[in-house]
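Naming follows writing order (A, B, C and D), and every chain is counted from residue 1.
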Amino acid sequence: MSEQTTEKILEIDNLTVSFDGFKALNDLNFSMNVGELRVVIGPNGAGKTTFLDVITGKVKPTEGKVYFQGQNLRPYNEHQIARMGIGRKFQTPRVYLNLTVRENLDLASNRQKGVFRTLLGKPTKSDRRTVNGLLETIGLTAKAELQAALLSHGEKQRLEIGMLVAQSPDLLLVDEPVAGLTDEETENVGNLLLALAQSHSIVVIEHDMEFVRQIARTVSVLHQGSLLCEGNMDEVQNDPRVIEVYLGEQEEEAA
Amino acid sequence: MNAEVGNFAKRQQQKKQQIIELAIAIGLALVFAIVMPALLSAFRLKLLGRFVALSIVALGLDLIWGYTGLLSLGHGIFFALGGYALAMHLKLQLPEGQIPEFFTLYGVTELPWFWTPFYSFPLTIVAIFVIPAIVAGLLGYLVFRNRIKGVYFSILTQAALLVFFNFFNGQQKLINGTNGLKTDTETIFGVLVGSEGAQLAFYEISLLGLLLVYFLCRWLTTGRFGRLLVAIRDDETRVRFTGYDPTGYKVLVFAISGAIAGVAGALYTVQTGIITPSAMEVAFSIEMVIWVAVGGRATLIGAIIGTLLVRLGQTFLSEQFPEVWLFFQGALFLLVVTVLPNGIFGWARDWGIPKLRSLLGLQEQLITYPALEQDPEIQQEREELER
Amino acid sequence: MLELAVGIFNGFSIGSVLLLAALGLAIVFGLMGVINLAHGELMMLGAYATFVVQNIFQGFGDGALNLYIFVALPVAFIVSAIAGLILERGVIRFLYGRPLETLLATWGISLILRQFVRSVNGVLVLGIVLFCLLFFGGLWFLSKRTDWERIRTAAISALLPLSLAISAVAGVLVSKTGVEVLTKPWFSARNVDVTPPAWLRGGFSVGIYQLPYSRIFIIVLTVLCLLGIYWFLNRSIWGLRIRAVTQNREMSACLGIPTDTVDALTFAIGSGLAGIAGCAITLLGSVGPNTGQNYIVDVFMVVVVGGVGNLFGTVIAALAIGIVTYLIGSGTLALMFSNSDALQPLTDFFTFFAATSMAKVMVFALIIAFLQVKPSGIFPQKGRTAEL
Amino acid sequence: MSNGLGRRKFLLYGSAAFGTSLLLKSCSTPPETGTDTGNGDGATGGENGDTIKVGILHSLSGTMAISETTVVEAEKLAIKEINEAGGVLGKQIEAVVEDGASDWPTFAEKAAKLIVRDQVAVVFGCWTSASRKAVKDVFESKDHMLWYPVQYEGQECSKNIFYTGAAPNQQIEPAVQWLLDNKGTDFFLVGSDYVFPRTANTVIKEQLKAEGGNTVGEDYLPLGSTEVTPIITKIQQALPDGGIIFNTLNGDSNVAFFKQMQGAGLTPDKYPVMSVSIAEEEVRQIGKEFLIGHYASWNYFQTVETPENEKWVQAFKAEYGEDRVTNDPMEAAYIMVYLWKQAVEQAGTTDLEAVRQAAIGQEFQAPEGLVTVNPNHHLSKTVRIGQVRDDGLFDIVWSTDEPVAPQAWNQYVPATKGYACDWSDPSKGERFKVEDV
């Protein structure tokens, strides 16, 4: 474990993404190690979601490169990148509303994602065991046969994280996991993420500074598409540039 | 409580239910196969046979619209392709060296090359579903690989339909244009296609086809593959980020749906006695969608019921009030979409049957709020208490 | 050179008809993501409005008849806009967020409208008026009651069949009296004859060719409509609101923009534009119950190629499709290659598709090919909101 | 719901199936009881007490309804007149009207219904060739009888169909010949993209080749298409100095074609258009302003000067309104009812075989002049060419001196050259080689 931590799981070089001239990401450099839990913060419009879009292949970079475990991601599209071991959780929970909780997890944990293998293959015993284990982890065992549409917001968030884990990715990308949750639910999700961080590399994008404080070890601050600063919670909070960005009035912010 | 044990019991129950379903479906099919021919005149039986053929295409449409969320307004293409394939074979039941009569009217003396494979019966049978499947697969691939979906897809299928219609309509020398291909006076295995015996056989084959296609769809829509189709319908992006490539799934299911439509088209053609480009008219293909919608989409049995009901109604109403039939049809579209979004079957399942039960006093009385009654956690607690 | 100029003119004139017809559809599609299969029928209504206006002007003598088109244009706009408004308020607003269902519902409406112009007569109109009076009057009356919310469903389900039955019976009774003014269909299923004013029937001579005034008129009309729409969307307060809702519906609603009104207004304007297009096509083609169906699929293709939410894309798409249709259909492409023997197969290929009916096949293939390169149209939306 | 099938579902399945069967059965039983006298093919039928049932099978809905309803009116008028005059064989005619809905399989279905369930004595019906071809098999397999009132492309001669419209040699060929004699030799052929125009143009091309004319170009418009700019360009390129346009367009496309022709400056003096699908009714719908000076070829125009025509036009206007016009297909539909009536009365029965035999040789003083049923089940008819005049009716500029005998098999098309049809002689039948050609 300790040896691997020196290895980079994600490296981003001079990344620029522009939409019709507007640079959502501007010459961004970023890297993180295997096993790290990294929190990315930044004001609205700082390019956080675009940052995830580029890593997961939804948006192709205008310039620059993204390396995952040393591999350039540019030639791959979303599902290939997902199969390489990057999982993503969206800002609002996105689960399959018309499937049951168990079915949601089963689809995510399926190892054989080819068309015909899915058609002809049957869930194995170990698949079922995995799903049952996950149900317990996210605390939805009792609701396993319920349609996902009937879950509460917080339960959907947990389910989606569960689905993410079911993919058994090496890198988890989590976009605002506690938006709209109660304090108790927020703490639950925080604990869940910390537990997951034991065995995964995780990038969390978050607004809620309380929550950031709960889970953060290293924090990166994005501003106007570039990396503003990086460091642990205290360093970042005391950085004058960060204070200016968050509190200063003179900076004009894109919507 | 042990989840594994619960699961096992549940699977046992599922298996039992599946066997019951199988038995009922086969039983019903047998009833239709044996009782109907005895009850109905040859004329009405032929009509029913055609409805059965049409409900096959409705199943195919349900597969892609109901389950996968792709609304095809161009299923007439595949339907007609299947019909043409079989009709071409029947047209070629000629003595050596002769070509179908209509060719001579246009001064064509040599059989166009693409007719040749249809001399062979086995090849024709294969062509009936393989050709529509290939066309559907190709069209689907070109559209889906660019992530064109929703109404864009619907409109493109409609345009494709128009293109095929124009093409078939204009090519007298290849495929007899507007007049289409007639099958009634041709023979199959030495029997006249239009004869009562052959028609009865086609009726039975249609029923068998419906049964087989039903089980095919059943198999496709249960299990992981079916759940993935629903997942694609609900949230395609999520599916992609989970590591599946939705394109492949959509192309496959669209091709299967096309193949099913081809089979339906072939069965419909021999029972109508003719296949013409009008099978590819815009209105007909949209009408197919309404059969599914009336019955209830994403319920296979709904697609069948819907087709039978709408076609019956159409036969009846358009005979009685030909002038205002379009009003009825238009109103049907509006009603189904606004008032009955889940169709008759969906409505019965969600509302009608429970209501009926409670009227008959079969419904269990609610003790708490309905929402709580359905909450498994509460149920679990209650069970534990009872124990 | 002359050929080229005439060719470009012809391509533009085909394109401008497409554009005029597609404009309303594109605006509605851009704002609400709704494809209106009844758009063609709204065009048809505009064409019938033109027919009615023309017949009224016939009473005023020849001098007035020459000017009827200028009255017909606003009348067509208003008729179709009102129809569109009723459509939106009555059906489509219940279906927002369900684009495929909207597709089916609007198809139902298109069927009804087609049959409506066939069978509309005094009795039918009386019946409809009576129904509206009874039903909406009844609702209005009942809504004064304090327990309205409670009895609402019951009231509707009682009033609806009741007023339907009463107006149906009344209709049957009236038609039994056999008064011909009431029972005679206004238009019948036949095509009706709309004759453009005399000054639009000739053409402007260029060498052996003659550029039809009607085509020039339509091009000018299209440009005017474009400018009008551009001005409306970019310079008026409601245009601003429409653009705001197009960008972000929730946020606009939060900022106090009445999104309901914006939807209704946009739909009415889109439908009104269809009416103008309907008026314009009376200069070129037939007016009958199926008029709309003749144009609609081509118009959809324009919207697909043009992309969502950018009128400029629609303009380019319409013109491009017009020019390509013309080039292939008129055999110009085949002629271009006919000079050299090496390209003989190519010539044969284009000659085969030069029949106007085959040109459609070719144009569709080109559209599919184009979508392989630009799947979201000429000007795709970019950024985070593009695909969710 | 995706797994398994509970009791509820079973109930649904069962009731649905039961309901379906009940419905189907209730539809089917009543008409069958009593009439099912063992002859499934309906070889006689139609006579029932005081009435004789006849079928009328046209599109009352769909795209073809516009045209077909006019012939239904003409047929109904004839039936009404016959009934008022005492009926056929002393019995009233009862018309069973069915809607083909512009859909060819529906035509076949409804034809079978008329024959099997309604047991009609004869069917009057169809307009498009596609619908006729679709029902032809039905009439042949049931050995029944259809009367068909529209001009068509020929190349057909069924024992079970009587064709009262023009064959190509009674409309298209004389028109081409007249144009060659009077208007010039360069022809551009325009048609809708379906069977009639394509077959007609095949005939015309062969004829022009044989008679010394040129086909400088041809083009086909998809059905319903209204964008004719490319075609007009082609005409201008192929005929820069004017020439003849032979038009077999159909329906809406005609309107667009003539409106846009005028706009492009193709005037009748330089580019006369000969149409074979435009009659008085169509002139009104297209707008006479665009048609004045162009030509049409038919057997009948409203302006034909015969006492029978005067009487008929009057009767028609009295029945359906002063503003109505009559035209060729309507006239053919009108006279075929009378021809059938004469045949029945000569046979003294509605027995199909007897009527079929009796029909051949029937003569009738029609509005268009004398018509005779030939052994090939087509009529001898006078051919006329009309020019559209200011009031939207036709100025008859040319007509044959006497009725032209019909040719079912075209003599310009190589495949059918030298063939003829004769149903009066069992050894000849549908298609036989004429010795002396």
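We take it that contacts are C-beta pairs under 8 Å (C-beta built on N, C-alpha and C of every residue); 3 or more make two chains touch, one makes a residue touch a chain.
None of these values were measured; they are calculated from a predicted model.
Seen from the Cα centre of chain A, the chain whose own Cα centre is farthest off is D.
For chain pairs A-B and B-D, the one joined by more C-beta pairs in contact is B-D. Distance between chain A and chain B, defined via averaged C-alpha coordinates, is recorded as 41 Å.
The geometric centre of chain B is 36 Å away from that of chain D, both derived from CA atoms.
The distance from the centre of chain B to the centre of chain C, with each centre set as the mean of the Cα atoms, comes to 32 Å.
If you average the Cα atoms of chain A and of chain C, the two centres end up 46 Å apart. Listed for chain B are residues 166, 169-170, 227, 237, 323, 326, each touching two or more other chains. Contacts with at least two other chains are made by residues 293, 355, 357, 360, 387 of chain C. Residue positions of chain D touching 2 or more other chains: 193, 220, 222.
Chain contact summary for the complex, chain B toward chain D: residues 13-14, 16-18, 20-21, 24-25, 28, 31-32, 35-36, 39-44, 47-48, 104-107, 166, 169-170, 172, 177-180, 182, 184-185, 194, 221-222, 226-227, 272-274, 276, 278, 299, 301, 305, 308-309, 312, 315-316, 318-319, 322-323, 325-326, 345, 348-349, 353.
In the complex of the two chains, the chain D residues touching chain B come out as 1-6, 8-14, 16-17, 20-21, 23-25, 27-28, 32, 40, 60-61, 98-99, 101, 103-105, 108-109, 112-113, 116-117, 128-130, 133-134, 137-138, 140-141, 155, 193-195, 198-199, 202, 220, 222-223, 413-416. Residues 65, 69, 71, 73, 142-143, 146-148, 150-152, 154-156, 158-160, 162-163, 166-167, 169-170, 237, 282, 286, 289-290, 293, 323-324, 326-327, 329-334, 336-338, 341 of chain B touch chain C in their complex. Across the interface of their complex, chain A is touched by residues 3-4, 7, 10, 220, 223-225, 227-228, 230-231, 233-235, 237-238, 240-246, 248-249, 252, 374, 376-377, 380 of chain B.
Within the complex formed with chain D, the residues of chain C that make contact are 6-7, 10, 13-14, 17, 189-196, 201-203, 205, 208-210, 212-215, 281, 283-288, 290-291, 293-295, 325-326, 328-332, 354-357, 359-360.
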